[in-house]
Amino acid sequence: MKIGVFVCHCGTNIAATVDVERVSQEAAKEPRVKFSTTYRYMCSDPGQNLIKEAVKKHHLDRIVIASCSPSLHEKTFRKCAEKAGVNPYLMEMANIREHCSWVHQDRVEATAKAIELIRLALAKVSRNKPLEYLYIPIEKKVLIIGGGIAGIQSAIDIAFANYPAVILEREPSIGGRMARFDKTFPTLDCAACILTPKMVTVSQSKHVTMHTYSEIEGVKGHVGDFTVTIRKKARSVDINKCTGCGACYNKCPVRVPSEFDMGLGKRTAIYIPFPQAVPNVPVIDRQNCLWFTKQKCGICKKICPFEAIDYDMQDEIIEEKFGAIIVASGFTQFNHAVYGEYGYGKYKDAITGLHFERMANSSGPTGGKIIRPSDGKEARDVVFIQCVGSRDEQKGLSYCSRLCCMYTAKHALLLKEHNKDAQAYVFYIDIRAAGKNYEEFVKKVQDEYGAVYLRGRVSRIFEKSGKLIVRGADTLSGAQIEIKADLVVLATGLVAQPDAPGLARMLHIPYDRNNLFTEAHPKLAPVETITSGVFLTGACQSPKDIPDTVATASAASVKALGLMVQDRLQREPLVAKVDAKTCSGCFACIQACSFTAIEEEEIEDKRLKKKRLIAKVLEGVCTGCGNCTAVCRMSAIDLEGFSNRQIMEEIEAL
Amino acid sequence: MTATEGSPERKRGKDKKDWEPRIVGFLCKWCSYAGADLAGTSRLQYPPNIRIVRVPCSGRVNPLFVLKCLVNGIDGVLVSGCHIGDCHYSEGNFYARRRFVILKRLLEYLGIDPRRFQMSWISASEGDKWARVVKELVEEIKQAGPNTEFRKGI
Amino acid sequence: MRYAYFPGCSLHSTAKEYDLSTKAVAGTLGIELIEIPEWICCGATPAHITMHLLSLALPVKNLLLAKKMDSYEVATCCAACFNRLKVANHFMENDSVHRDKVNEIIGEQYSGEVKVRHFLDILINVFWLKNLSERIIKRLDNLKVACYYGCLLTRPGEVTQFDDVEEPHLMDDLMKILGVEPVDWPYKTECCGASFSLTKTDIVLKLSGDILQMAYDEGAQAIVVACPLCQSNLDLRQAMINKKFKKNFDMPILYFTQLVGLALGIDPLKLGLNKHIVNPLKLIKSVGVL
Amino acid sequence: MIDRIKKKAEELLRTKQVDLIIGYKRAPDGVSVAPVFIDKAEETKELIWDTYCVYNLSNYLKDFRGRKIGIIAKACDARSIIVLLQENQLKRKDIFIIGVECSGIVDEKKLLSISPQTSELGFDERCRSCKPSKPPIYDVLIVQEGQRPQAPRLEKDPYGSVRKSEAKSISEKFKLWQEEFSRCIRCYACRQICPLCYCPRCVADQTQPSWLSRAHSFRGNFTWNVTRAMHLAGRCIDCGECERACPVGIPLRDINKKIEKDVKELFNYEAGLSAEQKALLSCFDKNDPEDFIR
């Protein structure tokens, strides 16, 4: 064994506190060290050349670099070793900068510690094994979880590059939240007018498959080779036979509140959620359908000219393989039940912003009239309350939901457009209108549409003689205010879907205390996750408006396409490995593996002359966390690159 | 190698007054090791008594590593990982937490000073916490005194 | 069920009937209330506008006295006492800087280990409403009241950990058990003017007047309270309010303990029902309890 | 009782439901007991069952993997069978468990000093805190008939002695265990007798890396004893065989009990109650205690 030690000055970063020359001299005295030197910047081109030449000249077969943190330059020096003809995994680093020269001032102490750190690296490298890169094939298909605007945009981008995309949507139609909106700020385009063409593009693309009314059940595997289990819920309508003629829902006798219209309108038991639904195929709501509840009616089946109605349809479980996954699972509204003082569930005329969107929509349940749900009369005085849930650590969320300022301003504008005599009052904490033309929009609403903005919180809403009395503070004038309102609109915040943690666990991606998915780096890897091959877009990560959602959707698509265009993926070979002779087959490792990367394998035990089961690591799936090695009582499973021998050697060297 | 002047190694051999504790930290490379890196980048000063063994995850740390350190005369052992919920491998630290609470209690039962084996959660952004934990650890181990228990023969 | 009882100054003077009715109810239900010997003022409002440390030290002194009785739970009725004791506990438990200072002043060690409960909380969450309902002798049907909680009982939520902060309902729940109908009204936690009663009476007249008006509008025959200061403002100042705003309110202001006592069949005089300014006996007779 | 055991064993062998019966027979000394392996129906006459049947026979099961085995099991032995099933070391269909109701077995060491007839005092300590008299798993249960002396109940808290030791000072504890471990001669009898120490190559025998010093030193002895205990965490079912087998009398059960207690208190986990249970250290709860972590 011939080890070379290369001590970096890092300019004065190391050399100022650590006597690098002395460190190099001491290292040279260590057994198995054949060569030792220092250089001003080991990571620079001349520095790397110096390493290469030393390897050649002294026939070095292992390398220790004493410099900065491996988090910074491990890759650099592995490549350098490879170029020098040394297996990249026979290189170890001693971190004498972040863990030594930068945290100590005493030159003698720091120098002594640097020498010990090198000794540690020498001990480890002496037990390193040459390892070969792993290569894994890539399934050329992208799964998109969620069919809102984020998922739709991702699918369009991926299809445009001629790669197949699959949209998984749990509702009967794609479109998501955006499909419910009336107009969009700040340009006031009608949401349907800009969304519907995209939905049609997706439905007509030969590269896009849609699983609507479907849920994700499980994810196995890893980047390049995910196996996803999907439950296609029984729609009770054959999607291949149905032409979307509408005969069935026109004749259905049942009327229940429409979820799409936030309960403001009614739908039938066999229904499409909204007229522009994609696919334009109805679904039977079995909870309310007379056939399913009372074995009566059956009109839809009788009337359907295409025999598409199938009451016996069962949920179907399918498995599909994907190379990458884009998570576009979106958000839901904050449940303001905790604000008892806002009369949750008590007053019909206190609604949320999404209710308002449906009312403002000319094809919505009120035909575009802003009314009081309690008596159907047109609303004149409307109070909007911002930050319901948002920015309230005591009762709600610590964060700002980002869009409520803008959509409330839009609502105030729409109110006036729908009813010239109406008056909007907006209670706010701060107005956050940081977007292109956003501030101008809010100003316009205040100046041209006469919306009264009151800076302060509402303390209570109560009903008195048919009106809602809104009491609040105007902190700018210091006055208490009471407004007699016809309608109160609560700008409820955006929160993660209730089942977000479950999805995160399936995908092995972390989520924060608000159950929002966490990106790999908040600045430099905003759409990646720490699980390679899984990308984020839209409001499942943090509240986002439509422009931001679409931008992250395209960004995530590019990341996924970056994988699609490769023939195979190179992976670090730092994975677990089983020693068949030592393994007892107790499978403690299988239970403890968070990635299902270990399975049972039958081997012929020569000693016992019998077949028996032992553990086997799926190299492509193993993430190299090493948890299995610590639960294995017989140490039959070990981790390459951080092996038991390497670590024990380090301990002995201390 | 000749012992360097002022090195903890030299001090270890001498009388108790000059003794400096030797501490080993098993740090997961995603959070705690990065936190220690950040302490460096932020130039936070702490005593030079700790040596770091870099591991992928606190879940990688075998209780036998800890035992080996202790019977080899290391004065203190620290296992440090990501905060709960932050694990790069999502669950590794959960396993470590369970495993080491048993070991810690057992060691104490057998008469090993509980200060000699400790755990911490330090994130990649907690350079200050790393420096603080090392300082506290060094102080506590100094109070516990040198680990000479295993030097005695039968 | 045994508690160290902290009556506080009001219950020994202006709110005598609150003290009487609480003890009568507790006695009937077998809840043992042992008055903390040599208790001192909780500090109330004056202490914490004068000196923060004093406002913590006074209640801590009392809590330490309770601790010495080997009682780890204190029962109190006055909303202000309850609030001050809870705030002190909150600081002593969570704030090491204040804990050290207060312990230094007092010369003893305390870190929030004595639990503080309001008598309303004890009735509902410890004695249990169901148990209470089984002890009722006379249901108070035909009575409609507005439950008024005031500012101090529920706020701040993270300290009091008692009911919904802005929309409390515990007293309403209690009333329903007694057969009383609580009205749904919005002023449950409005301010009555509190200790401005003497210094700026006008404010109190306006605020308490609003409360009386709202209760009246919602059809309440009486207001039920859990705070002696609320009681005194609404009761004592009612005549002045009538005069100033030309109203004719004749709204009895009762303690929840008094109604519980009536339902348990306790003699109205033992509940101090003769000690009110606005006479409640007429109303009570009219609903057929007497 | 023994007649019913014999009858069942004879029937199992005769009808070829099992290839072999593992049970107890009288040892040549006429008092104590030895394990017996019977493959002929007529030899089942040899079987015995009494309070001297101390051995946990499940330890032998792994030597007959792949064959159909009938085994006589007390409650404690049956729990170790459950752990072996849980850890895939046995197939349920391969074993026939003749469960025996048990009211406690003797402690041979105690018997040396007192007369066996002085009833209760001769019982093994562990039987005094054992709850079940019936095995948690069996194919046939042979119940006890008539009255038999019952191991007297220990105080309510089965971990009383552990708690007492916990209260000692660190240096007292160290001194105590230093003394105990110093006697260890590293014969590994504790390992060999343990039904759950079935690793093909024990870490103590591995050299790459060398996990623990093989030398007869305090360092090595300490590491071995801690390793053994840690590897039984959440698995040990307190059959007491290790302590019985230890030639130098190290109180190994006390260490096992300490972990058993912690595991029960910290994770509400008990070993050997169900074969479907996940291994203690291969699972976790989000709310596991972490007050010991900085």
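Remarks
Letters A, B, C and D mark the chains in the order given here, with residues in each chain numbered from 1 onward.
Convention: a residue touches a chain if its C-beta (ideal position, glycine included) is under 8 Å from a C-beta of that chain, and two chains touch if they have at least 3 such contacts.
If you're wondering where the values come from, they're calculated on a predicted model, not measured in any experiment.
Shared contacts of subunit A and subunit B, meaning chains that touch the two of them, come down to D. In terms of the stated touch criterion, the partners common to subunit B and subunit C are A, listed by label. Greatest centre-to-centre distance from subunit D is found for C, with centres as Cα means. Counting C-beta pairs in contact across A-D and across A-C gives the higher total for A-D.
The centroid of the Cα atoms in subunit A and the matching centroid in subunit C are 50 Å apart. Each chain gets a centre from the mean of its Cα atoms; for subunit C and subunit D, those two points are 62 Å apart.
In terms of their C-alpha centroids, the spacing between subunit B and subunit D amounts to 36 Å. Contact of a single residue of subunit D with at least two other chains is seen at positions 203, 211, 281-282.
Residue numbers of subunit A whose C-beta contacts span two or more other chains: 592, 631, 635, 644, 648.
Touching pairs of chains, sorted by label, consist of A-B, A-C, A-D, B-D. Within the complex, the subunit B residues that touch subunit A are 1, 4-9, 22, 24, 29, 33-34, 36-41, 43-46, 48, 51-57, 59-65, 68-69, 72, 74, 85-92, 95-96, 99, 131.
Partner subunit C is touched in their complex by these residues of subunit A: 339-341, 346, 394, 459-462, 464, 469. Partner subunit A is touched in their complex by these residues of subunit D: 65-66, 87-89, 198-203, 206, 208-211, 231, 278-279, 281-283. Residues 157-158, 164-167, 184-186, 217 of subunit C touch subunit A in their complex. On subunit A, the positions that touch subunit B within their shared complex are 26, 29-30, 69-72, 95, 97-100, 102-106, 108-113, 115-117, 120, 505, 508-513, 530, 574, 592, 594-595, 623-627, 629-631, 635, 639, 642, 644, 647-648, 650-652, 654.
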